[in-house]
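The following pair of complexes shares a single chain, chain A, combined with chain B in the former and chain C in the latter.
This part shows the complex of A and B:
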């Protein structure tokens, strides 16, 4: 599935590299062994300052009485965690996030696969497919701020979505999609689906192109129909890509902040409050940095659980 | 597969696929077309019923408003400064790290690699609270440097993974010949490997630029004054100031999307190739 990726002229593939670290084998000693760490030092410095230290800090914050605001915070044990975990708003945001990420991921997968398969067809010419491919990738090229603004325009009570639904007779009256607690979560999920499927599509298209035509021919000779070939060849071959993309998407979607913040701000009545917007509000609207930190650590733990699953899945491949 | 499909069935399949492709294109493209169309309307026409896709009163006023406004242009300047700096710094740091991972074997290699890979899944919302404290303490609050450094936490891991994968595809004879001639690993990297890797580096650079250009949460939290805001925040500010100036919001959105659209169109093949290679190998 990576065959199309690297410029073949510039990058002839080498097989296993046997003579590892032949580099300067004639030199010896500590200096030589430190060379790779020298190359890595800017990265290690940045990762330490930008990730290791902040994570230690936020864990520290989460166990203290209100930090940042208070100059001399005191140890508070698990009080912040207890406060967050019994907060109805937090629990609502947990539920909303679960709906948002699961519906988004399934839709990303289904749309991404459908579009990738249509773009992979043998029935159409290369230029036609290239044009459609660019159109399908479009949503992915816009920043989330732009996507939020577009869908606010479209979902406006006087907007095009209502006009179209009225015209085809699916709706009698205009719906305030983002203003109604019943529809708001579905509306932001829809916008997220629109913005996120192209990444699936690209990866699945690359994977589809890596499936040998022989497999389809052999299956066809066995007298299978289209659907059987889809299940037993296409889906079976794509399974590893699908599973890892799905887990990554769950992780990324759970971290979505800008789209929600700019479309609804978590409202109306917490209907679209996510873990990310809840945490942000605790910190930068309420200035409750300690509870915000506790919420942030909980988000980190949930993500770590998903990531653990992802790594295990990658190893199995 | 084609051998089993007769002429009529082939035609039917083709009609089916084209219908599907067109429906998909409408889903993907119409919101973008609507954004474009709205940017050329006068504001009174935006929610006209029935809506017009092609406006009767075509005007570039919305664009003139944005481009003639120093505060709005400042958002663009800020985004360019930050995104270019992030791209250059990320490439420099990632080339060095990718080289270490690709050409050396050393203790703790797997551990360091695992830490770099895992950075990708750390939630930004978890980092933003300590960043706020850290950036303020370091005097980097409301500065370019604060944004540039913090953006690198997202761009660096991916760049390292992609560059390592790319360097792994280059034969070791290439750089080792330099060392046999008495050169150091440093000269082998910069004289031989980097020039040969330009296609891969472009893909990484484009991706890095996109991430930084689009970044929202840190840009929102780690800057305060309007003269330090980037385009995504600028779009939001426009929404707050003039709730009803939809044509200007769409014009600003289009102007703010042009750099990424251009980069993508220019480097499509390399970019998508590099990205799928990186994603799959990650």
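This part shows the complex of A and C:
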């Protein structure tokens, strides 16, 4: 319709303008599409430098022979992985890590939930709850180094734990909790439980406070008892938080290094050797960076599997 | 969609390249300045010494050097021993060591083989340096890679009050006297034991300081022609002796995960009567318990042994990075620290023994026990066969684990030594 009014002489110019306008729109569209990447670029640069590059390097190292200490390493295929996976110490550390993280996570959850419910109850007064809240959160305020020192002292054969157990008649003579291969793993696990439960407690307390009282009232009107309300209301409402935190805790605990290293160094007789301490010894004691890299990649794969479940669970929410 | 994906890939690719370049640039070698043009040079010196000396003392020594050499600045990178080790291992791996590095003899072999530290023999020859003044040099394949600047010996520490209370009049000089004294101290009851044996595997230097010291004190050796010789009668005798102490119940409990600092703490608190420990800890013990009545003595030898006694030692060693552009300036600094006057001063404030033979530490204002230890040192010889060995810490850890099996009754001494021998032989070729 409008084309009838167009001056034929001006037609080529109009077409050119249209072409330029289209190119401009295209450039404009491209620029618009790149804007988000522009905003993301600092983060992407940091992630690349701090995460992608080191991870790729470590994966590369794991496929080379005696990398780093050898100036001219050669490609070794899966030899390092075969060496690590057939190493009795690695398998022992895998077993120890499984015990350590599963017991720690379950205990964190049970203790955290118990204390959170206690702090959420209407039976205690405000001041009492505030005092308990401070006391219960204390372990979370200490750094791992302090926790390791505290528990080394407490678990010393002449320490407080033995003294108390002796006094109440549970022990006749001192036990070297960290120095005995039978008790060492349980002792470091106990220290880890002590240091980690407050995080569960605080998170679950926040979640508990978010559960509507109407649900409890409705359940009570349906004639449920306390246990049924706990299972069908409390636990059911907390389920997403519990699953998220449990998966996160499994990942974090599997990477626990400082506590083990400072308390037992993986001993005695590898009783507390974890994947983290095994990898560290391979790299910084034996200078076997290739096998250390292979071990690190295996740990990465295991934790990636856990992370996968975490992400899937988050999506479901 | 395909175009968009390609763009994204390009963007990520470019970012990766930039990041890699940035990382590579950030990992550049330590020093700065242009030595060739005679301009000022800054040497980075990574060590743990500054952290162990009285505050500000090491800085003064460095300032004096800078005053004498205006064109050379020294930047101290001080950190605790464990952190320094970890940083140097990482730096050696990436060829980014600081220009001058504090070294432990246990690290030298690995760093030298990596080509991370330079051959000092060449630098000494180039500088016409008189090597006869050096108390010792740590060599790998006949080339010097580390020079000990200050040495710290590990004598026997004895709590004289506990010894007297147990009815022992003389400080033990033989193994049987030591066992007897340890039994009597342990018989005092409570939490008191005769001896402390730290076998923690995180830092397994208890093997060197507290186990092999028994071997060296009797003139023994764990090597033969540079190869492991752990099944020799001397080593077997030393390990059996440690086992006999364990069997007698005179070792403080918890030794399998006990650390060196736990040992010192127990001695300071009067929970163990005797320990083998670094002379450097005398001040620490005195600070912890000023009224503790203790003495230092030579590590007891086998009954009937009359030869010279080896006394374990550890060093503050020094080396130079192979990748530094300022080797000549770095060696000038090494020479300065090892000069007679500076070395005497440094060893005095460190409570150690000098790396320069001609340097005389000043004992006049210090604890008389340093003089006693110096006499013991001069009567015997410094012994530490782990110095210069490859993967020293790992060798100690392997031995440590086998010893733990012996002490827990899970292996015989012969089996443990045979397995240690096999393990060490695969490392020391």
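Going forward, the second predicted complex is superposed on the first by the 281 of 317 C-alpha atoms of A that agree within 3 Å, B and C clash if a C-alpha of one lies under 4 Å from a C-alpha of the other, contacts with A are read in each partner's own complex, and residues count from 1 in each chain.
Note that in this section contacts are C-beta pairs under 8 Å (C-beta built on N, C-alpha and C of every residue); 3 or more make two chains touch, one makes a residue touch a chain.
This one's a predicted model, so the numbers in the text were calculated from it and none came from an experiment.
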> If you stack the two complexes on chain A, which partner ends up touching A:71: first (chain B), second (chain C), both, or neither?
Replying inline: second
>> Once chain A of both complexes is superposed, is A:269 in touch with chain B (first), chain C (second), both, or neither?
In response: second
> Should A:156 be classified as contacting the first partner (chain B), the second (chain C), both, or neither?
Replying inline: both
>> Looking only at contacts as defined up top, I'd like to know whether chain B or chain C touches more of chain A.
In response: B
> Of the two partner chains, chain B (first) and chain C (second), which one does A:138 touch, if any: first, second, both, or neither?
Replying inline: first
>> With both complexes overlaid on chain A, does A:286 touch chain B (first), chain C (second), both or neither?
In response: second
> Should A:190 be classified as contacting the first partner (chain B), the second (chain C), both, or neither?
Replying inline: neither
> Is A:100 touching the first partner chain B, the second partner chain C, both, or neither of them?
Replying inline: neither
>> Just checking: does A:81 make contact with chain B only, chain C only, both, or neither of them? Give me first, second, both or neither.
In response: neither
> Where does A:33 make contact in the superposed view: on chain B (first), on chain C (second), on both, or on neither?
Replying inline: both
>> Based on the A-chain superposition described above, do chain B and chain C contact any of the same residues on chain A, and if so which?
In response: 33, 37, 44, 49, 52-53, 68, 152, 156, 158, 261-262, 283-284, 289
> For the complex, which residues does chain A have touching chain B?
Replying inline: 1-2, 4-7, 10-14, 17, 19-24, 33, 35-37, 39-40, 42-44, 46-47, 49-55, 57-58, 61, 67-68, 114-115, 118-119, 121-124, 132, 134-139, 141-146, 149-154, 156, 158-160, 163, 194, 198, 202-203, 206-207, 213, 216-217, 220, 229, 241, 245, 251, 254-255, 257-258, 261-262, 275-276, 279-280, 283-284, 289, 292-293, 296-297, 299-300, 303-304, 306-307, 310
> Within the complex, which stretch of chain B touches chain A?
Replying inline: 1-4, 10, 13-14, 17-18, 20-21, 24-25, 27-29, 31-32, 34-35, 38, 46-47, 49-51, 92-94, 96-97, 99-100, 103-106, 109, 112, 115-116, 118-119, 121-134, 149-150, 152-153, 156, 160, 166, 169-172, 176, 179, 184-185, 188, 196-200, 213-214, 216-217, 221, 231-233, 235-236, 239, 246, 249-250, 253, 256-257, 260-261, 264-265, 268, 270, 272-277, 279-281
> Touching chain C in the complex: which residues of chain A?
Replying inline: 33, 37, 41, 44-45, 48-49, 52-53, 68-69, 71, 152, 156-158, 174, 176, 178-181, 184, 261-270, 281, 283-287, 289
>> Taking the touch rule as given, give the residues of chain C at its contact with chain A in the complex, in rising order.
In response: 4, 8, 11-12, 15-16, 18-20, 22-23, 85-86, 89, 93-94, 110, 113-115, 191, 199-203, 252-258, 262, 271, 391, 393-394, 397, 401, 404-405, 408, 410
